[in-house]
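By letter and in written order, the chains are A, B, C and D; residue numbering begins at 1 in each of them.
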Amino acid sequence: MSSLLKDTDTAILLVSCRDQPGIVAALSDFLFQNEGNIVDIDQHVDIENGSFFMRVEWEIEGFAVPRDEITAALAPLVEKYDLNCSLSFSDITPRVALFITRDNHCVYDLLSRHESGELRMEVPLIISNREDLQSIADRFRIPFHHLPITKENKIEQEKRQIELLRENQIDLIILARYMQILSPLMTEAFPNRIINIHHSFLPAFPGARPYHSAHKRGVKLVGATSHYVTEDLDEGPIIAQGVTPVSHSDSVHDFVRKGRALEQSVLSRAVWLHLNRRTLVDSNRTVVFG
Amino acid sequence: MSSLLKDTDTAILLVSCRDQPGIVAALSDFLFQNEGNIVDIDQHVDIENGSFFMRVEWEIEGFAVPRDEITAALAPLVEKYDLNCSLSFSDITPRVALFITRDNHCVYDLLSRHESGELRMEVPLIISNREDLQSIADRFRIPFHHLPITKENKIEQEKRQIELLRENQIDLIILARYMQILSPLMTEAFPNRIINIHHSFLPAFPGARPYHSAHKRGVKLVGATSHYVTEDLDEGPIIAQGVTPVSHSDSVHDFVRKGRALEQSVLSRAVWLHLNRRTLVDSNRTVVFG
Amino acid sequence: MSSLLKDTDTAILLVSCRDQPGIVAALSDFLFQNEGNIVDIDQHVDIENGSFFMRVEWEIEGFAVPRDEITAALAPLVEKYDLNCSLSFSDITPRVALFITRDNHCVYDLLSRHESGELRMEVPLIISNREDLQSIADRFRIPFHHLPITKENKIEQEKRQIELLRENQIDLIILARYMQILSPLMTEAFPNRIINIHHSFLPAFPGARPYHSAHKRGVKLVGATSHYVTEDLDEGPIIAQGVTPVSHSDSVHDFVRKGRALEQSVLSRAVWLHLNRRTLVDSNRTVVFG
Amino acid sequence: MSSLLKDTDTAILLVSCRDQPGIVAALSDFLFQNEGNIVDIDQHVDIENGSFFMRVEWEIEGFAVPRDEITAALAPLVEKYDLNCSLSFSDITPRVALFITRDNHCVYDLLSRHESGELRMEVPLIISNREDLQSIADRFRIPFHHLPITKENKIEQEKRQIELLRENQIDLIILARYMQILSPLMTEAFPNRIINIHHSFLPAFPGARPYHSAHKRGVKLVGATSHYVTEDLDEGPIIAQGVTPVSHSDSVHDFVRKGRALEQSVLSRAVWLHLNRRTLVDSNRTVVFG
């Protein structure tokens, strides 16, 4: 997970395919023949399902293939091994939309990590179904779009959201405690590109008010789960999870308070992994090249 | 949770009642008037439900009331405040039955803690539905009762178990990875006196094969839960929980291996708390005077 | 640690004294006789050193003693048992000064928790030895005092700081990653009222650049420690600690990134405990009524 | 860290060398050309020091090179890239000696994991400087060597130990709470082949009685560290670490009790990693292919 070479621009290739002999050798050789200086390489074989996953990162400078010809140069390997490839470059900053409602802690945490340079992203807009947190957007001079949602206008408003996301060429949506369920319209428009933070240790306590349910059940740890959003609520591929201890003497309010730091931490970890192209989705699970 | 005074025998009083003014003052005063040297006192008020819970531990030596007259001496307070009291003495060692099946790690851990003096208990018998682990019982010279269970003989065998437990004056049953569901016959015979270890972070993954379910769901942490056994499977009051990180590169076998240490740790913590009378059941939750 | 009754104003009494029979009874009785409705009570006996500590919180409404006469009413008990008492009221909001330098994450986290109402405090000023984070103060409309520190002007500048703190009637100073060592001038002026966050698991890696030292040593967990500041650098009483896993593949930059969320979480927990009068200092250790 | 294919015998190659282009390609190609079915491959580049580390595991069955000719077949690569190689086979079980003193929990845990098949090792002897735990060796029918150590006889006894270790062809020594400091005689005879468990979060609290020191310092977490033993006490490369929460109400005895489960867990994790050839020592740090 080395991030020492902050100043070196790199190319990142994510590969998935059926497991078969010679893939690592072929891809390593491709980079070696073209004088690619590998700075990070990791792979995973899912033996049970016969799947192969790889992430390789190499320096752009000195690489024999110009960046807009890399895809073409890879084509023979793609064909031979039936690879699914995703190529990206560290100097092209992902564009991110934040969806928020009333809770301020996750959005502050993301924006402070953005400000400090830790999260390399641009945030051209914030969308909210309420006006409560407009002042945060104002403080950071980020355009704030208030799109209130009712049962009646949900689809219409999601269409407006998607329009805004397209206009702003958004690569990733972060639901930073956004208290609305997305319709398939949205989840299908951004597959594996919407990250949510759920305030429980999924699959325990899905749905609404998980801290209340956890308190009622008398658990001794509360959790948080960051996952890609799919059509099935709280069922998407998990990227990161964490827990923190609680006791009988904690009220629901204490659960909420103790959970906040956890939600921040788990969400920002998941976002960092995605922005650095360290996640791959394997059916309903993630491969995390951490 | 001080256990410094290993050599001092103490009386322990667990109290629960409706919350009302003056209880702490009344009980503290009772001990003070009788020259009880309090070594530990803790209480909890469940504000939502208006319940009061207290644990107080004091030295027997020097206490003005002989131990067999304490209950009578408390009677006026019990009546006045409608207290539920449970009195015990640290020098009366609880008698414990271990129920096991095939996995050896929890039983070894419990017996090693027993041997080292950490868990103050007697273990007059081990019961198993299989013969696999008989050698452990033999090594520790503990009588081993092999009572195989089938659908047909379940009730009959549980009756035989209860008979054995009664004969041996058992205070506590520990299901140390016992792979059988207890019938109401057993759970009603030993309310809040059967401790189980479930190999997941309940309420996630109840039932059989939780590591397999967790692996399938792609979680990033696996957990263990120790709880009192009630009629509803995996729904009893939770005493202790823990988690340990896993990743996409862990197989189900790795989940099992990583979970073992967790199961040991969580179960032994729960057993220690119970043996030291640090647990109280409040509807379906525990108050843990940790 | 119940905080259910957000709307009820309470009085909080912190007591420390030599352990002796009857204290709990006497204090409980005092509250009971005056119709004090106890919402939380906790005590701790340090058996080794013979010390007694208690925290009791009760509702102001309905209490028979007016709030400005409570101290006088307690005087006989104080004299009889030689008590050290500290009385405070939940509706009197502590005034807090933030000291910062270059790292933004802790200050954003504290201000977001303040904004959400979780941390009940007022922040009348921010002090920094650098100008880097002035924009944060501006965003939150908090007066920002830039007091650069050199070897030569250190004492002079600390005097200026103390002047500002006095003018603003500051109760608590939070060093939110303030990169200057305080002189005895400051630590003696605010004993047990300066909270620092150190980015290691103290006593491991005291002093400067702990992440670099941790990386060099090859640890598998990095930690954070929040403590009261004393004259001895990094030696003050510890309030809260946390850790997060790292591996050989993490660079120093990764240690820093992973540590950030931990620092936020540990510092805010310590600040919450202090603001809610849940900490007592016992020689060089804390009693935390968590 | 997949261990699904329990029944497949594998070859494991650990490689370290100066980082240079083409190594991954060359080694992958070597295996591919010889029809090696890779089941796990992982590598790490230490960018700062320009070092390269790799672990690759492949099935023996079907591999074109007989196992006793693999080293010769690798020779050209070894020469070209100046590789340090370590080759081993999963079906050759490491022979392990346990060193113990008085505490029983780690030795029981290791032996129970051995019995369950989790730790693939043979344990032909147990060595102790005291007689306290002889009964454990007897129960598991493992030869027990009582070699008491005094200042005067230390070197002599270590020579006797080394003799026993050589006679029993020991590959790995586990200090399972062995309360003696090894002399250079021993550490030089078994470099990176002695694993210790230290009952603190190193580098905090090295040396004797770490729980007492931790209690005195008032820490809020206690830790355990498993490391390779070098000549410098408690300074060897760290393999695994863990922590568990404690509070002001825990006595030193409670620290000890809570630390036990941690010591077991951390030691067994380190031993599993070593037995599965998942550790490499890089100057004074470990690379852990977890």
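In this section, a contact is a pair of C-beta atoms (placed from the backbone, for glycine too) under 8 Å apart; a residue touches a chain by one contact, two chains touch by 3 or more.
Quantities reported herein were computed from a predicted structural model and do not represent experimental measurements.
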Exercise for the section: Would you mind naming the chains that touch chain B and likewise touch chain D? Expected result: A, C
Problem - Shared interface partners, meaning chains that touch chain B and chain C - result: A, D
Completion exercise
By Cα centroid distance, the chain farthest from chain A is B
Practice task
Mind checking the centre-to-centre distance between chain A and chain D? Centres are C-alpha means, answer in whole Å.
Solution key: 36
Handout entry: For chain C paired with chain D, centre-to-centre distance based on mean C-alpha positions, whole Å
Key = 41
Completion exercise
Touching two or more other chains in chain B are residues 2, 4, 47-48, 247, 249, 251
Practice task
Going by the contact rule at the top, pick out the chain C residues touching chain A in the complex.
Solution key: 1-4, 6, 103-105, 108-109, 111-113, 115-116, 118, 139-140, 247, 249-254, 257, 260-262, 264-265, 268-269, 272
Exercise for the section: Would you tell me which residues of chain C are touching chain D in their complex? Expected result: 44, 46-48, 201-205, 217-221, 223, 237-243, 247-249, 251, 282, 284-288, 290
Problem - Touch list for chain B against partner chain C, complex - result: 2, 4-5, 21-22, 24-25, 28-29, 31-32, 35, 37-43, 45, 47-48, 245
